[in-house]
Structure formats: C-alpha cells, structure tokens
Amino acid sequence: MKERKPLRSEMGWSTTETITVRGYDLPSQLLGKIDLGGMAWLEITGRMPNPQEAEVFNALLVTLVEHGMTPQAIASRLISICAPEAMQASVAAGLCGVGSVFAGGSEQIARVLQDALKDKDASADLDAMAVAIVEDHAKRKAPIPGIGHPLHKPIDPRTPVLFGIAEKNGFRGRYVALLETISKTAEKKLNRTLPINATGAIGAILSELGFPWRICRGVAIIGRAVGLVGHIAEEMRNPIAYEIYERAEKEVAENGLAK
Amino acid sequence: MKERKPLRSEMGWSTTETITVRGYDLPSQLLGKIDLGGMAWLEITGRMPNPQEAEVFNALLVTLVEHGMTPQAIASRLISICAPEAMQASVAAGLCGVGSVFAGGSEQIARVLQDALKDKDASADLDAMAVAIVEDHAKRKAPIPGIGHPLHKPIDPRTPVLFGIAEKNGFRGRYVALLETISKTAEKKLNRTLPINATGAIGAILSELGFPWRICRGVAIIGRAVGLVGHIAEEMRNPIAYEIYERAEKEVAENGLAK
Amino acid sequence: MKERKPLRSEMGWSTTETITVRGYDLPSQLLGKIDLGGMAWLEITGRMPNPQEAEVFNALLVTLVEHGMTPQAIASRLISICAPEAMQASVAAGLCGVGSVFAGGSEQIARVLQDALKDKDASADLDAMAVAIVEDHAKRKAPIPGIGHPLHKPIDPRTPVLFGIAEKNGFRGRYVALLETISKTAEKKLNRTLPINATGAIGAILSELGFPWRICRGVAIIGRAVGLVGHIAEEMRNPIAYEIYERAEKEVAENGLAK
Amino acid sequence: MKERKPLRSEMGWSTTETITVRGYDLPSQLLGKIDLGGMAWLEITGRMPNPQEAEVFNALLVTLVEHGMTPQAIASRLISICAPEAMQASVAAGLCGVGSVFAGGSEQIARVLQDALKDKDASADLDAMAVAIVEDHAKRKAPIPGIGHPLHKPIDPRTPVLFGIAEKNGFRGRYVALLETISKTAEKKLNRTLPINATGAIGAILSELGFPWRICRGVAIIGRAVGLVGHIAEEMRNPIAYEIYERAEKEVAENGLAK
C-alpha cells in the first residue's frame, strides 16, 4: 500500500496565542514593519527582502497595477454589475485574463533569459546568445517577448526608469544586459524599432532578483489584482460597464435584425 | 432615442510618450516613489496616501495576506495541479472564496459601524449605539461580525498591534471606540469572551481611514491575492495538493464501495 | 480529541473495471441511455428523471442557455482574447456573473414561493398569500422577483410555452398558480403590466419539480455554461471582443486627455 | 483614422415579441423540441443536430460530467463553504481547473488526429501516420494523449461503449481508426498496455463529428459544469469540504509546530 506523504507547508499556522507567517511572528515582527510589496516578496521567496530588493520589487509591482481600460478591467466591471454582492468574483473574472497575450510576457522573456544564462559564467558571450535567440524566434516566426510596443515608440518610458531603479540598487546585471543585446540585435536584423518594453524590463529585473521564470506571472497577478479592485471601486462611484454592455448588445441586435 | 452616456474613467491612459495613472505620470512620479500598498490606496481612493495613511493601510493589507492552509489556499493549489499552464486561473479560483464566511467580515463590521455613526457628531452616545447593535443581532440570532474568535482567546494577538499602529498615526477614533464598546457590551450580555478579532479591527480602522464599507472586501481581496500567489509558489517547490486530492478521492471511493 | 468525520459522497468512483456515477454503471447504464439534461437531473437529485421530468427540465435548461450579448458573454469573450490558451478561464470569468442581477432571479422567486407554500395543504388561500407577498415587497420597496420585463410586454413569450410544457407533463401545480396570483395582484396594486417573466416561470416550475430554492441558481449556471462556450466558439470564428475593448479604451483615453 | 469594425454575432437577440437564438424562434422552435445536449450542439455549430449527431454528442457530454472526487470538485466544494451566497463563484473556481492535466486531453488528441488527417483522402496510410506520431512523441519524450490509463486496464470500459454508439450512428470513421492504430503502434513500440482511454475516444469522435480541435475543451467544460453543480448540491446536503480543509490545516500546523 502506498504510504501517505505528510502535508507540510511553510506558509503559516496559528496557536491560541501566536500567528506565524513564513517563520515570523505576524503581530510583533511583520505588522508595521513591512509593506505589502515586501510581504509579497516574503510570501514568494520565504525570506525578508533587504531594502534594495524591496525598493526594486515594489517598483516592478507598481508598474503592473494599472494599464487603463484593459479587457481584464472591462470584464471585471461587467461581472461586478451582474453580481455586485460578490466582489471577489468580479476580480477573479478579470484575473482569469492574466494570460499569454496581455500580461504573460514577463514570464516568457524571463524564461528566454534564464534558459540562455543558465550555468553560464561571467565570460559568456552575450552577443552570440542574442543572435541565437533572435534567429531561433525568426525561424519559428515567433515574436520575441519583451521588445517592441504598439504605442510607445521609440522607447517605452517605463523601461529606463525601471532599469535606473534596478541599477541604483545593484540589480542591473547580465539578464538586463542580455535583453539589451537582444533588442539591438533584433532591431538590426529585422530593421525595425524594437525597444525593450516594460514587460521585458520586468522579466529581466525579476531574473536579476532571482525569481524563477515560472513564478513571474504571479507577480503580474498581484499587480493586476490591485488594479482590478481599483476599477471596481471606480465602477461603484461612476458606472460605465452597463453602457459598454448596452452599446454592444444593441449594435449586435440591430445588425442581426437588419439581415 | 436614448443618448449615449460617454465612457469616462480616471484610472489611466497612455500616449506615445506618456503613461498616466490616477493623474500621475507613472514613470516619473510613481515608480520608485510609492510602494505597492500606497499604490493600492491611490487606485482605490484616487489620491496619494500621506505617510501615516500608508503605514496604517500597509499594516491592514499585510494582516490579510496569509492565514495558512485556508480553504481558498487549498482550492488554488488544487486548481494549479489541474492547469499549471494558467496560474492566473488558480489564483482566481481561490479568490472566488473571499466571500461572506472566511473573509468578508471586515465589510460586515464596517457596515455596522458606518451605519451607526453616519451623520452623528462627537456627542453621540456610543454605549446606547452598542446596546442597540447587540440587541438587534441577538433578536435576529445573527452573530455580531468582528468579535469573537474560535482559536485566539482571550484576545486576538493582531488586534492590539493594529490598534497601536492606528493610534500612533492618528487613526484610533470613534469607529474603533464603538467597536470596543460593542465587544464589551456583547460580552456582558452574552456572558462570553468576545474579543475584537483581526477582521473587526480591520473593518474599524478602514472606517477610520474613510473607506466606504462597500469597498472593504476589495482590501481583503488584494491581501489574499498576494497570499494565494505565495501558496502556488510553494506548491511548485513542494507539492501537497495532489496528496490532499488523492486522500479524499480514495476515502470517498472506499466508503462508497463498502456499502 | 475531535473525531474525524468520514468523507462520504454518492457522486461517483471507479475500480479497475467499473465506473460508477450516482449509483449507475456509467458505460452500460448511462452512456447512450440518457441525454445531458437528464444527466444534470441525475447529478443534482440523485435519481433518474422520468420522461415527463426530463422533458420539462430540458426545456428549462434550454431557456437558460442563450440570452444574446449579455455582460457575462462579453466578459467571457474579453478574457478569451487575453488567455486563448485557457478557455476554461474564459468560461469561468463569465460564469462569475451568474449573480443576483442578471441570472439569480429564479432562485429568488423559488424561495418566495417555497417559503409561502411550505407545510400548506391544498386548501391554502393563494390570494391571501399573494397579497401578503406583494405588500411585503412594497413595504420593503423591493421588486418582486419573477414578474415584469423591461422589453417583453405585455407578455414574455417564453412563459406560456414553458407553462404549457409543464402542464402537458403534469407539473403545472400550485407554485405556478401562486406566481400567477402574485402577478395579477401586483398588477392591480401597482397599476402596471407585470407579466410572469421567463425567470419567474423557471423558478415556479423548478419548485413544481421539487428543487429546493437553494439549488436553482445551479440550473442557471449549467445553462449559461453551455451558452458561454457557444460565445467563445463564435469569438474564435468571428472575433468582436477586441473591437469592444478598443472602442472603450479609446473613448476613455480621449475623454481623459480632453480634460 | 481606423474604421470601426461592426459588431456582429449570430448567437441571439430579442424584440418586444420575439426571442431569436441561433436563427430559431426560441419559444416556438426550441423549447420542448430540443434537449440540452442538442442545444449545446446548436450553440457551438450554429445548426441543429440530426438525431444521430444528437445521440453521439449527448453520450460524449454525459461521459464528461462526473469523475468522482476530482481536484476540481474538491476546489468547488471548498469555495462553496467560503462564499455560499455565490454559487456561481464555486462552479467557476472548479472550472478554472479544466486545463491541460486533468481534462484537456480530448483537445490534444483531437489536434493530433486532425493535423494528421488534414487534406488526406481515403487512401491515406494510417499505419505510416501512426508510426510517425508515436515516434515524434517518443523523440520529444511527450506522452501520447488519449491512450493509457493509470487505473482502467487493460481497457477503459467507456471506450468500447462510446465507439459502439458512434458506429451505430455512422460516426466511426478514420479519426477513430487512426487512434486505434496509434494505440496498437504505441503498445508494440513501448511494450506497454496503452488502451484508448475515454478522453481519447471523445477527442476522436468529436473529430468525426466535425468539431475543430480548438473547441474540444469547450465540450469538456460543459460536462464539468454540470458535474460541479452536482457536487455543490451534494455539499449542501452532506458537507465534507470543511472536514477536508480542517484535516489539511491541522496536519500542516502540527508538522510546522513540530519542527
């Protein structure tokens, strides 16, 4: 008979008098001593961030919070008018869209960078890596994640700021350098403007911070959860979802009946 | 014909060169200048928190992040093993449970407190209010939200710490006072230990900070989203969801076949 | 020490050679012998429907599948363009909106009818009940669920057909009669056209079929799940979600920048 | 300026007196005339199924409804105890797990079969195709979807029944034949018992019915939505989710405190 695997977790537990979270006493060691961004770091990595890590990580998270009237934000607002009694379901609905197209890019570029630099020492030839990466994507007709932006040209205004914050705190290393090399190599090969976008910057800096690529989407999810709550709060004060629905419904019905 | 209502939102928009979030230039005014908790405040309220507000709000958010192996955390982990390619769906699944039973309590007590103190000036009689609230709940056989805890007795260790942080920053006012009066009144009337729990403290302090009760669940949702990402990150490193599933499946099958 | 409660379920289990679902051998007793509507009945009630029950229940389910370009359908479509690799997340997003406003009405009217007729015998005075229900809602300024429709006047074309199918199969009883009495009473008292809408008819007929009101929303959820998959299938062939998003995003940005 | 793309959809619309769904008048042409499985077919394909198609499609859907205490069912139950007021959120939570591991297999095998048989006429060499498919998967160390089962050996009892229903109705064609050839080829090459499992049978038969592989997951989603409502209905009558949660929470806490 198969033996039971014991259930273990380091996330947290309580006794009558104590509440332990990630090895810390929540009331005396965390409350008032760590901000939400630092707490997110602690939850994901299992250790407290130092001030440099906290500053960089918070900047990445803040970048991810608000992108205006995205499909996810509209979806959350639409669901909030259907089930106003269940705000969590509205946020969950929008979060369901933090997928490959609109928000999964950090994960993808982090994977490319981490795969390329795995087990490589400081003497690794970034130019050769970048050429290989660009050619591999070109051969597969796959877009290179993390570079290019439909609107922000010739640069994404978030990228230099994020790289500056990373540099100031000692986290502008070879992942960032490789992504810069990829961007330049791709621009030359494809003869297009392909600046590093915010998604790319985030993926590269998360790699500098030591986050495995598989968890990068989680960072985007945290940021978006904050933003979606913001949208639902605004929808409560100034509703627009019903108007968006009604216009679409009316146009579809008119076009359908006109046939 | 009905006129179209224009679609307006203050959340954010972009031009080629700028990204505006809540009226601020994201790259130059927010990145590196605000942490995630402050950003959550800005998203929900539309203005920057001052340092006192930021400290208190971060403490509330941090309290909400991690409660150990909750039903929501287990649900997120179970979904993550079914659809590992869609981490957002796992977090969404757990968030769907931030409802009335396990995490909606702050909203409920904030409502009670805000309804009671609405349009009341400083001379309002908190004792009379507390008696009315306790009696109303007793008559409806409804538990009073925000007081009592199945495990943490005689006090919830988070409550004094949160009230201390609130007090230090000037946010221990009449909402907190009313909740304390409710707790004492209920203990006397029901002859039971009914300390203010963390949920109650959060609802009262959010009221002090000016959050309408309807948005309080959003604060819990943000905290839990962070915690659920933490659980999924741990599930990636040290999986236990499959074991939880397999034990339940096996026991149900054995009990079913035994009949 | 608290004793463990054994985990029991009648839903289903498997051995190497058999698969049991709700007490039936799935391959030999269910496949090819029951349709999806009947299977839904079996899942919820634990017994096979007779042909009359199956016909009525299928008609209710079919009514619930497709309501055109609802907020839930738009939300599912929007999420499908964000995470096309996770269709389940798109459907889940739309389903999150099967709440109190757009789809929970059957539950509400079923509750009203079942509460009113509980433990009442055939001699119960429906007129008096209807007056009490209408007056109670008027006093609370709450709309009476199940009657009135913004578009379908003076009748909802689904209602007579559903009642006809119910009658043909022996399920037009006192729940339907009470709802008809409520509709007439409310029309007289409020001096407005308040026909029984499809939601009301479904709630009344589910009550005739013996479904407790608490499970009625589940019937709506099943119907909508089918409809949302239909919308996503159409979105794959003829995408419109991106256009809906882009229009909203552009208008919000223009209105924001114009200030 | 970019022209607006008109919003068109064939799903449905209403006028004061009529309700059109997929081109049919809902009250007079669909209610009482089509069952839920047939309605699902109409929603996805845009046309009514003939009796043969309806029988086969219903059998596939029924197979997908109930698989016992799956991770998705446990997740739905856990969420239902957190937010009992929002049943839709519980079902959505479980549906989020209809992903690659536990329920996406029909999509995967349908893709393999449809890619292989695309533009091939009746003279196509199934043996050569099967060898190529098996070798391609072996080379990539990827399991072949649709064959093999951890429990049901040497055959999955659903497979012959589903193939029998398909054959009786004229839908046992070359997709089924190719999958059978793949199964035999893989068994020989890998020297293991690798029978066609239910997932494989469903993927092959959906291909026979003309469903593009991209929509196959939608069929699984519909089936599972029915099953999850069934689990929540049982959880209402006979709750076990709290026990599952409590055991896991307790064991984790004990193991954590013991360190």
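Each chain gets a letter, A, B, C and D, in the order it is written, and its residues are counted from 1.
Here, contacts are C-beta pairs under 8 Å (C-beta built on N, C-alpha and C of every residue); 3 or more make two chains touch, one makes a residue touch a chain.
Quantities reported herein were computed from a predicted structural model and do not represent experimental measurements.
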| note | chain C and chain D share contacts with A, B
| message | Let me check something: if the centre of a chain is the mean of its CA atoms, which chain is farthest from chain D? | response | B
| said: Can you work out the whole-Å distance between the CA centroids of chain B and chain C? | reply: 31
| field | Distance from the mean Cα position of chain C to that of chain A, given in whole angstrom | value | 37
| remark: When centres are defined as mean Cα positions, the distance from chain A to chain B in whole Å is 23
| remark: Listed in rising order, chain A residues that touch 2 or more other chains are 7-10, 12-15, 68-69, 83, 85-86, 88-89, 92-93, 96-99, 103, 240, 244, 248, 252-253
| field | chain B-facing residues of chain C, complex | value | 6-10, 13-15, 20, 83, 85-86, 88-89, 92-93, 96, 248, 251-253, 255-257
| Complex contact set, residues of chain D against chain C | 4-5, 7-19, 21-22, 26-28, 30-32, 34-40, 43-44, 54-55, 58-59, 61-63, 65-69, 73, 86-89, 91-93, 95-99, 103, 151-153, 157-158, 160-162, 164-165, 214-215, 217-219, 221-223, 225-227, 229-234, 236, 238, 240, 243-244, 247
| query | Taking the complex as given, what residues does chain B use to touch chain D? | reply | 68-72, 74-75, 78-79, 81-86, 89-90, 92-94, 96-104, 240-242, 244-245, 248-249, 252-253
